[in-house]
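In what follows, a single structure is set out as structure tokens and then discussed.
We call the chains A, B, C, D and E, going by the order they appear; numbering starts again at 1 in every chain.
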Amino acid sequence: MLQSIQDYFRQLAETNPSWNFIYIYDPVQTARVLDGLWMTIILSVVCVILSVVIGVVGALLQGSPRRWVRSVVQGYIQFFRNTPPLIQLLFFYFALGQFTPSYSPDGWLEVPIISNVGWAIISLSFFAGAFNVEIFRSGIEAVPESTKEASESLGMNRLQTYIYVVLPLAFRVSLPSLNNNLVNLVKTTTQAIVIAVPELLYQLVSIYNDYSTAQNACMVLMFLVYIVLVGILVLGMNRWERGMRIPGYGA
Amino acid sequence: MSARTLIPGITARATTDLPVLKPFKGKPYGHDEIGFSRFLANLSPWAVVCVVMLLALWPMAAMAQAKYTIGDAFDALWKWVPFLVTKGFALNILISVTTMAIGTAAGVLLGLWQISPHPAIQKTAWAVTQAFRNSPWLVLLFIVMLAFPFEITIAGVTIPIPDWMKAVFGLSLPIMANISEVVRGAIQSVPTGQWEASESLAFSRNQTLWRIILPQCFKRMIPPWMNWYAILTMATPLVSLLGVEEIVTLSRQAMEGENNHPELLIPFYGFCLVIFFAYCYPIARWTISLERKFSVKL
Amino acid sequence: AAEVCKNEAWKKAMSRGKLIVGVKADYKPWGFRDSSGKIVGMEADMAKEVADTMGLDVELVAVQSSNRMQFLEQGKIDLMIATMSDRPDRRKVVGIVGPNYYTSGTNVMAPKAVGLKKWSDLKDKPVCGKQGAFYNKIVTERHGAKVIAFTGNAEAKQALRDKKCIAWVYDDSSIVSDLTSGQYNDYEMPLNSEDDNPWALAVPKAEANCVFGRFMSGMQYYWLQSGKLIELEKKWGIQPTKFLVDKKAQYKDWLADKK
Amino acid sequence: MAESKWTPKEPMVSAKDVHKSFGDLEVLKGVSMDVMKGDCVCVIGPSGSGKSTYIRCINALNPIDSGSIEVEGQEVNDPHLDKLELRKKVGMVFQQYNLFPHKTALENIMMAPMRVLKEPKDEVETRARELIKKVRLEGKEDSFPGELSGGQQQRVAIARSLAMRPDVMLFDEVTAALDPETVKEVLVTIRDLAEEGMTCILVTHEMGFAREVANHIYFTDRGVIVEHGPPKTFFTKAKDPRTKEFLSQIL
Amino acid sequence: MAESKWTPKEPMVSAKDVHKSFGDLEVLKGVSMDVMKGDCVCVIGPSGSGKSTYIRCINALNPIDSGSIEVEGQEVNDPHLDKLELRKKVGMVFQQYNLFPHKTALENIMMAPMRVLKEPKDEVETRARELIKKVRLEGKEDSFPGELSGGQQQRVAIARSLAMRPDVMLFDEVTAALDPETVKEVLVTIRDLAEEGMTCILVTHEMGFAREVANHIYFTDRGVIVEHGPPKTFFTKAKDPRTKEFLSQIL
């Protein structure tokens, strides 16, 4: 079965050189694609989780009574939202990468504690996290003062009010925007190619550089994979959103 | 008003909808649609200086060991600036403006179809919008670059389609989808009461749309629209991956011409950053001031 | 030669009075830009000579590894001289004709401190490279290195300096010119070049066995035989290659083979 | 209008056994009512009893499931009905005013006659200014809705409907969103209209007003008309227990 | 509570010359009032006269500028006041109910006793179910606020406050957002409370209710108490011209 599929595509590549689905019949390329896919999935999942954590923490810090804390958060957001993620990746990898500790297995090579994958995760998470901070903050602002007052007049302190009332509500308000931003994050992981993170785009580009006839086939795969990845994310988020729905509100 | 005597409380407001979550008043568009501009515009000049200085840290370490100094690198940059701007950045602007024009025209149409009473049209428009909104720009670009011919022949006249024009078509697709969402969102942010009121005044559907609804949301659409323009402009370097000779491609070629000294990275990419910023920052400020202006009236 | 020669590209070039040649603009010194933006370099000179011979003006179009074959297929360029390695699968798509005009050796620049001795030392070690370069494949497949490919050579060299890899893989002549520039005194090119990466120019596939293809085949024989390429090598400061010298000797006497 | 055989002796609005459901919920369960020219009819009843739905059916904003509603002899429940014709005869004012926020008061009033009836601008403007005077808003011609109080906006909305010179006016709880003190301005305007002989159908919670102005009061509950009669007898001699309970609660 | 020397013979709530400004606007200009245990006091007055502000000051939701407010002998205007202690003694119900929309009716009621008083869940649940019965909402325990009518929500809000077993209940126009029929349900609940001897301070527009339930009525205008007295004399023998005017408008 598998054999015949492979034969079919090998045949297709013979007769139709511009449609060379090499990654289907050449195990070496298949392995590269799978590696890339795995890396993309890891990048996406880890960045999604980290960026949400960063968003929640940042939003809490932004409500801090201390001015300098707020300024630091503000500065962070400004830096990350105003520069293209592509340049951020370069900056992190080449500039900050020089200052991180490293160990040296062979006398020359300095293997940094944070690899390029690590930097991609950090950079992309902070990039999306900057947007998430804003998203959660506006969610928190959407919880009316009067609801907070009600919980205060029941004797709850600030922290209790936050944990039991404000955050659960803010989270629901934020979900749609969060959804958008995370989809965007998954799409942005392709840019990690500039610091040579071997994710899917990197592997596919390498494949069609080596086998130029495979270019079309690589693009098709790329398109399908991202549609599926984004689709899964959107479905998951929608299900979550439905699960979080409060009966009696919303359409 | 003797009524009130007999019926205590009868004249009180009879709204039963809960103010549980404040309605997103004056924010008819999603967070991400205006977020970028707001951010850019909020940046105070000193913050810009800080960022630039932070960036300047980058070369310090590299500088120490090389004979080719950062000064040499900057000298090299100055030689190239005229070429990079007139040939490279000008193309970025050209691409962004043309893309925006095409994307807007198509997006408005698609957005109106999204609220069409015809379920088939509406569903199709929705599906098209979602598909192009959610696929990576790069992939769309690749597909268009490969699928489009480099010239077309109409009635015997051969019209060449330059590469950047193809990139424009590729970028127009996601822009179209996003503008479509802006239009739909803006129209749907107009209370249904407006539709009913116009209906009961005997306006036809088209009259209602063009005379009542669109004029109300036109102003609301401008800020997110400009925001998308800024995002698009920042995204034009993507086409460098396809060999269109915009500023990043040309910067790479320029560095090649200067023997690829690693010291060139900062000046050249930094220059790209600065020139994009110099172009987007005023637009962002303008967007925000427009938004403020419009939000007062409506 | 069952196919009929339409000679479209040839005729089109003739009728417009201009030959459009795809060359690289990011591969110094074969094709790169001077600061006015003009594309110059060894291959640019070759393109000009082709056009001169045909009696046409020349227009140079910058191409990249990823799009050069599409450009030729689509007819956007008439001829491609763009540091392309001669590969069987490429021969299926574009018209590669005549002898190869050049070969490049694959080699690495590595810090002296690492003390590379042989290619096999690269096994399972990180090696920096440039995306789209053919050399990546050689060191991966033959020597088992782990290539980290960046978008540009400047980035790749920066990574080498940051000790993120033990070597930078590229073509030997580029490496030599870097080493002689005095900027890389702590580095060396310790290995023997793997010298079997022939370069080919290409015409549209349909014209490989027609006027254009045969003409270009002739051009290459002429270049090799006359020593023109050795001259150009010198002009652009490229390390003299054994390949060109050998070829010059080989073709010195046209009929030598036949005797 | 031309084809209709309707004469002023017949009911202006005549509903017969109107049924209407939203999904599974039957909101109107056989409502019948005749309104003669010049009548002013009030519909009262508890929340959710179907008052708004009924009045919207008269204006064909909601289709009905069975029964018939005739306005000047024209069947509203006719799939081939020319809705625009109907709506020229019937004016409607909503609880939420629904003024066009991008137009001034005067423009709000002039818009429909100019765009729908295609009447010349001068003529429409003269009429609009008269209407402004009628609803006692002189001096507010060029104010935008956002610059007017709730009561003023509601009066502009009434004038806007009147500008189409309808034969019947429908009012749906037009004062419900107003604060007690501005309610009066609006009610005075409606009373003036009724006294001039306009046919009016009002849904209201203002019992005092109903008693004063209406010449017939309908009490609806759960989709049926439970009781009706002229105000004098209605308020004092209600027979139905549900009506009595309702009146006892609000009196 | 322990440290207080308060005895039930002294006023439960005692305000003396309370002043309060928002920026330049002086909202309370010397308000004094004594409320004894078991009293039910109504505060009436035109919109903007400072009623809400006053009642919020009692619960320390707004700080006061000068004067004093004592609840069970404890000074509210004390910077070292333990607000939580105060709020265990004082329950407050708002016009907008301000239920927690993501919790069911029962959970809304149980939340504060569990989180603030740290009482065991079983005990709290038993009490909550009793309160649900008291406000006549049997069967609605597991409904979310969005699924309840306004009147039902308001009754949940009252039960929620009562669950903290306060000594004083403050009500701020609790029926203003309700439709006429549901107003009654809520008023019945409050009357039951008053009859059981709960100390109540109500801000209301419901004159009929004030007359029926209150044992003392205060009329405020522009930040001062213009007139007060028991309902019988207050409604019929008001002396102050402003009071008379107000009563004439609503009577």
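To be clear about the criterion, contacts are C-beta pairs under 8 Å (C-beta built on N, C-alpha and C of every residue); 3 or more make two chains touch, one makes a residue touch a chain.
Here the structure is a predicted model, which means the values were calculated and not measured.
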### Task
Please report how far subunit D has to rotate so that its Cα atoms sit on those of subunit E, a copy of the same sequence, as a value between 0 and 180° in steps of 5.
170
### Query
Would you say B-D or A-E is joined by more C-beta pairs in contact?
B-D
### Query
Just by CA atoms, which chain is the most central one?
B
#### Entry: Distance from the mean Cα position of subunit E to that of subunit B, given in whole angstrom
51
### Task
Mind checking the centre-to-centre distance between subunit C and subunit E? Centres are C-alpha means, answer in whole Å.
87
### Message
Roughly how far is subunit D from subunit E, centre to centre by C-alpha average, rounded to an integer in Å?
### Response
39
### Message
Counting only Cα atoms for the centres, state how far subunit C is from subunit D in Å.
### Response
84
### Query
Can you list the residues of subunit D that touch 2 or more other chains?
47, 179-180, 205, 250
### Query
For subunit A, what residues touch not just one other chain but two or more?
90, 94, 98, 144, 146-147, 169, 215, 249
### Message
By the touch rule stated above, which residues of subunit B touch at least two different other chains?
### Response
1, 4-5, 7, 10, 12-16, 19-21, 62, 146, 265
### Summary
Note: in the complex, subunit A contacts subunit C through residues 17-18, 20, 90, 94, 97-98, 102, 106-110, 112, 116, 193-196, 202, 205-206, 208-213, 215
### Query
For the complex, which residues does subunit C have touching subunit A?
65-66, 69-70, 87, 89-90, 92-93, 111, 113-114, 125-126, 131-134, 136-137, 148-151, 155, 158-159, 162-166
## Note on the structure
Interface with subunit A, subunit B side, in the complex: residues 19-22, 24, 30-32, 35-36, 39-40, 42-43, 47, 50-51, 54-55, 57-58, 61-62, 131, 134-139, 142-143, 146, 234, 237, 265, 269, 272-273, 276-277
### Message
Give the list of subunit C residues in touch with subunit B in this complex.
### Response
25-28, 32-37, 62-64, 66-67, 70-71, 74-76, 151-155, 157-158, 161, 177-178, 181-183
### Task
Report the residues of subunit A in contact with subunit E in the complex, numbered from low to high.
144, 146-147, 149-157, 160, 164-165, 168-169, 172, 246-249
